[in-house]
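The next part holds the structures, each set out as structure tokens.
Shared between the two complexes below is chain A, which has chain B as its partner in the first and chain C in the second.
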Partner chain A sequence: MSNESKELAANAKRFDRKTLGDKLMNNALYILMILAVIYIQFFCNSNFLAPASLVNILSQTAAYLPAALGIAGCIVLTGTDLSAGRCVGLTACISASLLQKVGSASKMWTNIGTLPVPVVILIVVLIGALVGAFNGFFVAKFKLHPFIVTLGTQLILYTCLLLYVQQGNNGGMAISSLDPSYTDFIKGSFVSVPTGNGTSTPIPNFVWFAILLTALMWFIWNKTTFGKNMFALGSNEEAARVSGVNVFATTIMVFALAGAMYGWTGFVEGARIGSNTANTGFNYELDAIAACVIGGVSFVGGIGKIRGIVIGVLLLRLIFVGLNMAHVSQDLIYLVKGGIILFACALDMRKYLVKK
Partner chain B sequence: MNKKIPALALALTMTASLAACGGNNGGTASTPAPAGSTAPAGQQSDLKVGVFYYNFADAYISTVRSAMDAQLDGLGVTYQNFDAQTNQGEQTNQVNTAITDGYNLLIVNVVENASPDAAQNMADAAKAAGIPIIFFNRDFDASVIQSYDQSAFVGTDPAEAGHMQGQAIGEYLVENYDAVDLNGDGKISYVMFKGQEGNPEAEMRTQYGVEDANTVLEAAGKPDLEFYDAQNEKKYLVDQTGAWSSQAATDYMNTILGQYNDGNNNMVELVIANNDGMAEGAISALQQAGYNQPGSDKVIPVYGVDAMASAVEKIDEGIMAGTVKQDGEAMAATIATLVQNVKDGAALMDNTDQYVVDSDAAKIRVPYAMYTK
Partner chain C sequence: MDQPVLLEMKGICKEFPGVKALDHVDLKVRAGTVHALMGENGAGKSTLMKCLFGIYSRDAGTITLDGREIHFKSSKEALENGVAMVHQELNQALTRTVKDNLWLGRYPKVAGFVVSERIMDQRTKEIFDTLEVSVDPKAVMSTLPVSQRQMVEIAKAVSYDAKIIVFDEPTSSLTESEVEHLFRIIDMLKKKGCGIIYISHKMDEILRISDDVTIMRDGAWVATRPASELTMDEIIRLMVGRELTNRFPPKENEPGEVILDVEHLKGRYTRLRDASFQLRKGEVLGIAGLDGSGRTEVLENLFGSMTRDGGTIRLHGTEIHNRSPREAIRNGFALLTEERRATGIFGIRDIKDNTVISNLKSYLKGGICLSDKKMTEDTEWAIQAMHIKTPSQKTQIRSLSGGNQQKVIIGRWLLTKPEVLLLDEPTRGIDVGAKYEIYQLIIDLAKEGKGVIMVSSEMPELLGVCDRILVMSGGCLAGEVDAKTATQEQILTLAAKYV
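Right after this comes the complex of A and B.
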């Protein structure tokens, strides 16, 4: 073998090793996640992957997923949305107050009965979308950074929320005593997973709704002009404008869609938690943003996949449930979360730095 | 771009929000007392009262606020409510600003009560300005009240709610032991939801809710309660955000039920929560798993504190076991007595003979009451 071919072979080997290393690095998060799951299951707590526990992880993921799907659009536009949590809180309180049991002592609006569930869904999704459109308008019209706009909206919404829980018959108390039509719609189930010993764990309905929403969002992101425009706008606003994207309308629609998702999240949380106060939804946006960046929706803009968001939310819930079941001190949960966010974002940026 | 447009928009928003304040009768904004109509004395008092709440979002505190607004309206004094949003720095700023703004009576629901320093700071500031200060709800060391003769505290005895809760749990269990002990292992496994780390109310409810129940159980010859997770040395799950939130309880309870359930024959048999919000959050998770449905006998006993209307209703329905009534109306009425004293120029602690007052300091204790079915 000549020197030259030796060198070539060595290069090839190095190259192979490099691509393998790259592959490992790019998927490090998933690999770590699988290792952690295996570790918890086999060394800490064999209940972790039992059917009942899996249903729990699934349903918690489903509860937090819609907000993350919404906020992801804002991040694709190189923005963010800090108003998500308060918007969830407001819509949760509105949903709960409109769907309280008739004759309940703590009923907020005594003179209306219990509204039909679809009407309330429509109301809260519309309210969410309006809040979102409001955000989008300020971003698009005045070129304000979404961080600032949504910080403002977050505070404004908090006042609305504080005032709302004091309306009617409520006087600031928790909004509870929900009508069965509402709780059954969200928490009821038509499929149960057998867990052995003749018992079974029901899969709550909101899991199916979350799956439907995920499919819907996937369609919007990948198969519609609006979705394509959103990504074009996120990667390069000038280029998008030149190629005929209506920047103003697209921005407003992205934020309105996000708001509609918060409205839905509020509707689910209202029934899932069952006791709604001005505190409901507090800090939801942070978990949602974290889930997005972990899932590879980049703050660089124009990059993100629905698949990634689902995995991001799932990973955060795995941390919560897993560390609980592994009997890790609750104080450490934030360390793990923070570490993973930094790690995920560093990995993410690494890809773009290499390209440059 | 014309710079005036954003400014105009901002101005419009502010005007709109001011208009909203004016239209709101809830009394969150300053309430210039209506010309002598509601004041019993028939004349406008020059008393300007600042009421400082630790967090508007707290459901129980909101009930106190509604009651307090009504009381202060009735007294015909000018007052303003402040929201510290669980931030002690914010509250200290609000109090200092109010003092410079000419407020002559401070009513403070202190945020940080794990140590008496924050309360002491505010008492010192009030003392320097010669203004009476009434603390309420969140308790702290008696030394603060002792340091200033124009200060008082109105609240509950932090230990009492825990004692009552524990006593009621113990009695209920002794009566229904076999029914509660689902897996028949002779022991009751429980979970405790704590609202916040370091808060005396939360600490004592967490401690006595279990200890007193155990005392009753022991007296009846039954074994102590057993925390559902033997490896958790703290023997409670806490809302890490310190907000006593139902959401934290729902998420914990869901996770617990994923692992401890009838299928594994290790179901959690008793739920104790520091407040009704967390109790209701836990019930919501239980319902999702098929327990605690109205009219069903598959009910895990859940205990809370506060006796909010919705919790009382759940108890009447049989899907919650009990709560301890923390009387927001009585708290507001007691504070109003002190405000009346200041208004009339009487000593701060006059007319308080009918109340329970601590022996070592001017601290009035509004009693709790147990509520079960």
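Right after this comes the complex of A and C.
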């Protein structure tokens, strides 16, 4: 009897240790992130956590977040979207060209007056959604893997983009001299953070927009039929089909929603960058996908949380800004980024591994 | 015979490229009755149901539901018109919760697109209470055992409030008590006036619950009779098209000396707590027990696909470890897994690839190149020896019937020249005629001096094929019975010992 109870106690102890270890492992990414932040702050550059730097990190996160929120839906469907970056580029250039200052020498479309900002938002979000719906159609109708479909669209969009910037008066130049109504709408600010010595750093408007969009996406993912159908579809397409889910429409809508998010990202980037070329948006999809997988949106399908995506984007931006401020060579940044992606995904998959 | 006809399918035809899957099949289901649909695998039962359900479009024939001719184009339409189905393969979104699965495709909505969790919770509780199902609605599907997932699937079909409910082999992963539970649910549906179409291979179930039986063979209608006028032998005769005198082949194997000695087998992450037993040469050793009692775990711990936590395995008196399936195969073990589709076959690969996959090393020429000739020869041997019915070696394995797939996998393992064969539910989802062939194969293997351990949830089959039967209960070995003298009651009592 005493032997048995000893064994039980030993078992219990081992169990406790295991769960503590598991907890550490499951949160390893956040623990390392905090350690890295502390290290950079106290040993490299004490300005890292200064208000101005924090606002910078926040703004960058807000700029990259919407595209990641969009692409996450495609990943939940066990897909991906390689056309995101070019779609951002195209919509950025279109936004910028439609909202150039009237009378500026480099104006692309000289006969367009001052368009209202909401109209342009509507146009680019619609273009993005159409591109997404196009992707979704090929995926849903011909059962092509999204990797192939969006690789194709990525290339097609790039030609559209190259041709577009040569239109009108532009001739392939960078599109700049934007109308103040546009730049104010995106980069303007109504809240500033005091940064000492009487100065203050404004929080740009697009941060608030990003927060609104995140809330909207959270609502769509968790509270609507469409969101639940999307997850069911990503988890088991056949089950969704025999339960009466419209697989075709849902797939197209997921991609269209993603496209709409790229359209918005393009609109923000147009003003944020201020001078757009055909290179705008290049490789955005890779950062967005990386952020998603870091945040636990699994390529297995049917798994992902909005919270995770926000953390993923934030984490990537923290690292970039931090490494910059720690004066790490640009060449090494990709190493760090690649390492984080591998590490994060391995940790994430560990959670889903069923021990046998 | 006085209940009105609820559903009538008449002259249904369906052709797939090269195969006439359904040839003028008729089916009449009366309200408030259970209509059993029987036939060997490939007889066209599932195809017929898929035509009804709108998954396949029929080439000819009419379907009348409640006096109205119908032509469903999608499962959505079928569900909306009162036809629900419990599918043979569990079609579930495993990463989602029970209630999300239950209401998938018809979430209760507010304002047109917002899902109301409150109504969902309430309706889930209602349906689970009515059916006396005790599953946590918030549990993620993948964390539940197969039998509970099956009960969720059944609850889902019932919750559509359908007039016609199709059960396609609902009991293949249910234990005895859960089967009783299902029958109570079916009784309830009958009283409500539903028409039930019940597909199963289990004769005793069919004879117990059904009112009418329709038998199909090779895509054609054979007979429709009241169940009360049929006997088991009669059904088998109609299904197979010939007399099948015995359900089990004669036991001709002679157990010899002990080859495998297992002591205190225990799983590290799995339910298996303690099992000690011996296996003799030329013996068929059965393992019985309820779902979750650790039956499968015994086999997988022996085979090294689950991590062992103590216990010793001795083969011919020498201790072996079997830390991984590779090591186990080298030690002369072979495992036929429980879920053939998921862990047995390589569905889109051909018969040849599926046959030689575990034995590739022996086809190496000069250590680099695989000898195609030898692989073809061995595959041919497997096809002949196992009586595999296939057009050619190049046929995709998924296009074969379950029984033939199983034979391919047994052939695969025999090529590795195993001493100990571990068979997990070797006849699951296999029709009567083919079952007999599998039993014959098992007894022949024992006759050749191999040790066979066989897990099954069908007790008659254990009693008919095995020499001794171990009974698992709550992860422990509860006892052992002699298959010649034991009864089902004895086994059930042991199986409930540690529950």
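Methods note: the second predicted complex is superposed on the first by the 353 of 356 C-alpha atoms of A that agree within 3 Å, B and C clash if a C-alpha of one lies under 4 Å from a C-alpha of the other, contacts with A are read in each partner's own complex, and residues count from 1 in each chain.
Criterion: a residue touches a chain if its C-beta (ideal position, glycine included) is under 8 Å from a C-beta of that chain, and two chains touch if they have at least 3 such contacts.
Keep in mind the model is a prediction, meaning the values are calculated, not measured.
Undergrad: Assess the superposed three-chain arrangement around chain A: do chain B and chain C clash, or do they fit?
TA: Aligned on chain A, chain C fits beside chain B.
Undergrad: When the two structures are overlaid on chain A, which partner does A:135 contact: first (chain B), second (chain C), both, or neither?
TA: Touch status of A:135: no partner.
Undergrad: Between the centres of chain B and chain C, viewed from chain A's Cα centre, what angle do you get? Round it to the nearest 10 degrees, please.
TA: Taking the centre of chain A as apex, the angle works out to 130 degrees.
Undergrad: After lining up the shared chain so the two structures overlap, which partner does A:273 touch, if you call chain B first and chain C second: first, second, both or neither?
TA: After superposing on A, A:273 lies in contact with chain B but is clear of chain C.
Undergrad: Would you sort A:241 into first (chain B), second (chain C), both or neither based on which partner it touches?
TA: In the superposition, A:241 contacts chain C only.
Undergrad: Contacts for A:223 in the overlay, against chain B (first) and chain C (second): which applies, first, second, both or neither?
TA: In the superposition, A:223 contacts chain C only.
Undergrad: Taking the superposition as given, does A:105 touch the first partner, chain B, the second, chain C, both, or neither?
TA: first
Undergrad: See if chain A has more residues touched by chain B or by chain C, and give me that chain.
TA: So, of the two partners, B touches more residues of chain A.
Undergrad: In the overlay, answer first, second, both or neither for which of chain B and chain C A:91 touches.
TA: Neither partner.
Undergrad: Which partner chains sit in contact with A:202 here, chain B, chain C, both or neither? Use first/second/both/neither.
TA: First partner only.
Undergrad: Compute the least Cα distance separating chain B from chain C in the superposition and give it as a whole number of Å.
TA: The answer for the closest chain B-chain C C-alpha pair is 12 Å.
Undergrad: Quick check on my understanding: which residues of chain A belong to both its chain B contact set and its chain C contact set?
TA: Of chain A, no residue contacts chain B in one complex and chain C in the other.
Undergrad: Spell out the part of chain B that touches chain A in their complex, as residue ranges.
TA: 1, 5-6, 17, 20, 24, 26, 28, 56-59, 61-63, 65-66, 83, 229, 231-232, 237-238, 240-241, 243, 245-247, 250-252, 254-255, 257-259, 261-265, 276-277, 280-281, 283-284, 287-290, 308-314
Undergrad: Give every residue of chain A touching chain B within the complex, in rising order.
TA: Going through chain A, the ones touching chain B are 45, 47-48, 50, 52-57, 59-60, 104-106, 142, 159, 161-163, 165-167, 171-177, 183, 187, 195-197, 199-202, 204, 269, 271-280, 282-283, 320-321, 324-325, 327, 330-331, 333-334.
Undergrad: Could you list, by residue number, the parts of chain C that touch chain A in their complex?
TA: 53, 55, 74-76, 79-80, 85, 87, 91-96, 100-101, 104-107, 109, 113-115, 156, 268-270, 300, 305-307
Undergrad: Which residues of chain A touch chain C in the complex?
TA: Per the touch definition, chain A meets chain C at residues 223-229, 231-232, 234-236, 238-246, 300-303, 355-356.
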